[in-house]
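Both complexes below contain chain A, partnered by chain B and then by chain C.
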Partner chain A sequence: MYNLNPEQIVKAVYIKSAVAISAQDTFSDNRIPAELMPATISVANAIQPEYKDYISPASARRMAPAVKMGIAAASRALSLAKISNPDGIIAGTGMGCLMDTEKFLNNILENKEEFITPTSFIQSTHNTVAGQIGIMLDCKAYNSTYVHGSLSFESALVDAQLQIEEGAAKNILVGAVDELGIEFYQHTSLRNSQRKSTTLPAGEGAAFFVISDDKEQAMAQLTALETIRNCGIDQLQTRLHTFLTQSKCKLTDIDLLVLGNNGGKWDTYYDRLRAFFPNIRSINYKPLTGEHHSVSAFACWLGCILLSDRSRLNEWDNRITDNTKPRLILLYNQSEGMNHSFMLLKEC
Partner chain B sequence: MGIISAIGRTPEEHLSSLVQAKSGLRKLQHIESIYNNKIPVGEINSSNEQLAKDLTLPEDHNYTRTAILGCLAAKHAIRDAGLLTSNLKNDALISATTVGGMDMTERYFKEFGSNPEVQKYIDSHEAGDSTHKIAQQLGIEGFVTTISTACSSGANALMLAARLIRSGMAERVIAGGTDALSKFTVNGFNSLMILSGEACKPFDRHRDGLNLGEAAAYLVLESETAANRRGARIRAWLSGYGNANDSHHQTASSPEGDGAFLAMNAALKSSGLQATQIDYVNAHGTATPNNDLSESKALLRIFGDAIPPFSSTKPFTGHTLAAAGAVEAVFSILALENGVVLPNLNYKEPIRETGLQPATVCIPNVMQHVLSNSFGFGGNCTTLILSKS
Partner chain C sequence: MEQLKLELKENIIEALNLEEFTANDIADDDALFGDGLGLDSIDALELIVLLDKDYGIKLTDPESSKEIFKSINVLAAYIDQNRTK
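Let's look at the complex of A and B:
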C-alpha cells in the first residue's frame, strides 16, 4: 500500500536557462563578459544589476542584496526559459541573509534587547529568498531551502533533479545565493587565513536555473550529480570512478574540467583530480568570483554557457587556442577537504 | 526515533508527559537575557556543560547547543532503531535548523575578531555545522544535507528522506531537526509581538501568541525491504507528504489558509487516503491569532463538517521551530502506537469564526492514520501523514 520502493523510470534532466550575478559583469547580457577582472581585492562584491526591471524601487530599498540578487537572477532565468509559473522553487544559501542577521543581532546586543523592531528579523531567515520569489510569482507550488555550506546549491539541485525524475514537476526554478554582509565575512576570512584555506577574497553572488524534463532549446543536460561529505585525498580516485560508473560515463568522454581551485591548502584535491585527466582543458573560475558558499552555482552557469555557445571558451581564456566546443563537462568543488561535489553537464 | 525537549529525553518520557498533561513550559533560565525568569519557554533543563558531558565531548569542542541537542536525539534514534554507528556508513542524513549556531554566535559576536579562544565558534555559525557534527557522531558518509524552511524545516527533512528512499537514492535515512533557544529568536518573535507572556492557548478564542521552545528529534526512515532484511521493528509508516507555499506574506498566513490547504491536500493525494480516513490531526497550532484561524479554515476546507479529533501539542514543548515538524512526527507516532489523541492544553472557548474545538483531554481512539501540519515563515507549509504499522 505504501509503495516505498517502486520501479523508477528515470527521466533525463535538462537545464533550460542559467543566469548568474557575480563579481564579473555576467548578468547584463548573460554571456561571459569580454573583460574579466581578477578578484584581487580584499572582497569581491557582486556587480549589482539594474533592479528596476525586476523589483519595484520601493521594495528594492527594503531588500538586502541576497534577496535582490536572488529575485533578479530567478526572474531572468524564468523569462529566458519562457516559464511564468514553475512547479517548484528551490534555493540554496550557505550563510543566508547575513546583512539582516547582522543588523538584528547588533540591534539586540547594542540595545540590550530593548526597543527591537522586527523588520531585520523577518528578513534574516534563510528561506527569505525562496519565500519572496514565491510571493512575487504567486507560486503556491513546492518550495524549499537548503543551507548546507558549500553544498547548498548542490543540495537544492539534487532535490530539483528528484522532482523531475519523480515526474512530480516539469519545470523547477533552482539556484543559490550568498551575500557578503558587513561583519561576519571578516570573521570567516580570518578563520580562512588562519587555516590557509584560500588566498582569494570573500565573494558573493547568485545563480538561478530552470531545469526541466523537456529537451527543447535546453542549454545542457544535467547528467549526474553527487555530493560527498567527507573524502580523503587518497579516496578521490575511487569516488570519481564510482561516480562516473554510476553515471554510465567514461573518463575519456569528459573534455573539460571546471574546478574550484582557490589557492588554499586543499587545492591538492584539484591537482590530484587533474592528474587523472592529463590532456584535458581545465578552467579555474574562483579567481574571478571570490570564494563563497554559492560559488558552485556560478560554475554550473559557466558550464551551461560553455556548452551552449561555441565561441565562449576562447573568450574565457585566450590561451586556449582550441575552440572545439566541449561536449561533456565535469565540475568538481570541495571545501577544506570536505563537502565534495561532482557534476556532469552534457551538450544538448 | 530519538527526541529531547522540555518534556523528556526519550520517546517514553514524552509519552508519559503527554498523557499526563504535564507541560514543560517554565520561565526562561539558561540564556542570558532580559527575559530571563519572565517569559515561559519550553527549555531543556540542563546547561550546555551538562549536555556536553552526556555526549562525552572533549573540553575544547565547538559544539553549539543546537549541535549537542541534535547529536543526543540522533544517537538515541539509532539505538531505538536497533542500529550501531558502525552500520550507518552508507546512510543519508537530512537535518533541519533555523538559526544554526546562533546560540554561540550571539554570545561571542563582538569578540570574534579579537579573542582567539572564542574564534572556534565562527566555524559553528553556519547552519550545516550541526548536521556535520551529527554525521560525524553517527559515522554517516552517505548523502548529507541541511534544510531551513523556518518552522516547517523538520517536516521537510522527513519529506525529503521519504523521497530519497522512494527514488532508490538511499535505503535508510536519518532525518529530523534541531534548534536551541537563543536570544536572537526570543527577541525576533517578541518584536513581532507574537510571544505570549503566559502558557500558550492554541485554538482558543483568547489565544495571544506562542511560546518558544527548544528540541531535537530524529527518526530513522528505512525502505520496507531494508527494514525487513534486518528484521527491524517498524514503528510506523510515513505514508504521505505534501509541500506547498502560501505565497501571501513573509510572516503571516493567508486568511483562508491556502498553503495549509494545499499541503494537506497534496499529502492526502500522495498517501492515496481520503480525508475521512484520518483519525487524528496534530495541528501546527502555534496559538498566534493568525496561524490558528488560518489553519482552522484550512482544516474546514479539507475535512468539511467531519473534522477528526485534532490538537496542538505546542503547550507541552513550546514552538521548537525547525525541530517542531520532527518532534510532532514523533508525537504522532506515539499517538498511533498507543491509540490516544493527544490533549490540546489551555483551551477554553472556540474561535468565533470557525467554532472548532480541539481535543482537550487524552482520548483513546483506534487509530490508523495521523496527519501532522508544520507551517513557517516564507509561506512554507508541509504536511506529513503517519500510519500505523
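Let's look at the complex of A and C:
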C-alpha cells in the first residue's frame, strides 16, 4: 500500500464499467454465468465474441485471440462508460500473446534461424494489447503494460488507482488479458500437476474496466487494493488486519468474499482467510473460468456486477441462499502461496 | 505458369492470414497493395521472406520490390525467371 502526501486531497476511485470475456458467456450481456464448466476438461477456452463488431477484418487477420479479446472487452467497456478517449490505457498480462510467441519460436526452430517473419514477432510482445487499443482509439495518452505474473492485473489497477487518486487522470481504461496459446499448456501442465498447483482447467480471458473520479452511474467504488509478494500463512491474519485498518474498515463491514480457490494445495490460504469471516457468504470464482495469471480481473468484474445489480445476484440463488445485496466485497487471490492481493469493492 | 500463380495465391493467403479470401477471389492482375488486396508494409516484409524461403529469391532493392509485387501476374513472371529452387 502506498502513501500519498497527507496534505494532498485523495480522490475516490469509481468503476464505471466492467466487461469480461471468459469460458462462460459473460460478454454478451454482462451476466453472471449460470452454469459451472465441466471440471474434467483440461483447458477452458474463452467464448469468443463476434469480433467484426469491434475490429475490421483487415486488422483482425494479424491478431491472436489475446489481442482480439482485449480490444473487444476494452471497446465495450468504453462504450458502456460513454468514454471515447480515456486519459490512459493500462493492461496487465501474465504471459502476453502466447500464440504468436509460439509461432515465432517454432519458426526459428523449423527454419534454422532463417526466414523469420515480422508479424508473429510484432504481435508476440506483451504490450501488443494495450498498444493495439491505443492505435484503434487513436489515443496518444499514457499507455502501459504490467507483466507481473499473477499480480499483473492488480499492478495495472494500482497504477490506474494512483493516477485517479492523485488527479493525474479522470478516466482510465484498465484491464487484463491472457490466452491459452496452442502448445504452451502442454509444456506446463506436467509441472502444475507435479506441484499440485490446481485441479482446475487452464483458462484464458480478458476483463476491462473504465475507472474514474466520477461517481455518477458507477458500478462500484474501488476503496482499497494491496499486493503482497510473500506472505506466510501464519502472517495472513496480520496482513489482512493491517489492510482493513488502513482502509478504515472492520471485518464485520464486509458482507461477501470473492475467493480464488482452485483446488490446489495452496487453498489452505483461502481456508484460513475464510475462517476469519465465519458468518459471511463467499464465492469461489475460478471454477467458472479456469486458472490463469490474470483471472483476478474476472473476480473484479464479478464483484462489480454483484454490487451494481441485485437481480444478478438472484441468478445465483442456488449458490447464494441469502439474496441480500452485498455492500462491501473483499476479493482475495494468491498463486502458489505467493502474489497475494486484497481488493475492496464498495457499492455506490 | 498457371500452376505457379495458383500456388502463389495459396501461399500468400496462408502467409498473410487473408482468412476471408480464397485463391479464386484473387485475379491474376489485381493490385496486391493499395486498392486491390489492400496489403501494407508489414505484408511486404512477409512477401520478401516468402520469396526467399520458397523460391530462393533475395530482394534487396525496395524500389524494385514495388514493381515485382504489383500483381500475381508480375510476381509469377519474376519468380519464373529468377527462382533458384
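Criterion: the second predicted complex is superposed on the first by the 332 of 348 C-alpha atoms of A that agree within 3 Å, B and C clash if a C-alpha of one lies under 4 Å from a C-alpha of the other, contacts with A are read in each partner's own complex, and residues count from 1 in each chain.
Criterion: contacts are C-beta pairs under 8 Å (C-beta built on N, C-alpha and C of every residue); 3 or more make two chains touch, one makes a residue touch a chain.
All of these numbers come straight from a predicted model, not from anything done at the bench.
Residue contacts after overlaying the shared chain place A:263 against neither chain B nor chain C. In the superposed model, A:337 lies in contact with neither chain B nor chain C. After overlaying the two complexes on the shared chain, residue contacts for A:122 are found with chain B and with chain C alike. When the two structures are aligned on the shared chain, A:33 is found in touch with neither chain B nor chain C. Once chain A of one complex is fitted onto chain A of the other, the partner contacts of A:61 are limited to chain C, with no touch recorded for chain B.
By the document's definition of touching, of the two partners only chain B reaches A:141; chain C does not.
Touch counts on chain A: comparing chain C and chain B, the chain ahead is B.
Note: residues 114, 116-118, 122 of chain A belong to the chain B contact set and to the chain C contact set alike, using the contact criterion stated above.
Contacts from chain B toward chain A in the complex involve residues 33-35, 97-98, 100, 105-106, 109-110, 112-113, 119, 122-123, 125-129, 131-132, 135, 140-141, 143-150, 156, 160, 162-169, 183-184, 187-188, 190-192, 223-225, 237, 239, 243-251, 258-259, 262, 272, 376-380, 387. Contact residues on chain C toward chain A in their complex (touch as defined above): 15-20, 38, 42, 45-46, 49, 52-53.
For chain A in complex with chain B, the touching residues are 1-6, 8, 89, 94-96, 104-106, 108-109, 112-114, 116-118, 121-128, 130-132, 134-135, 137-149, 151-152, 155, 158-159, 162, 165-166, 183-184, 186-188, 190-191, 194, 227-230, 293, 338.
Of all the residues in chain A, the ones that touch chain C in their complex are 57-58, 61-62, 111, 114-119, 122.
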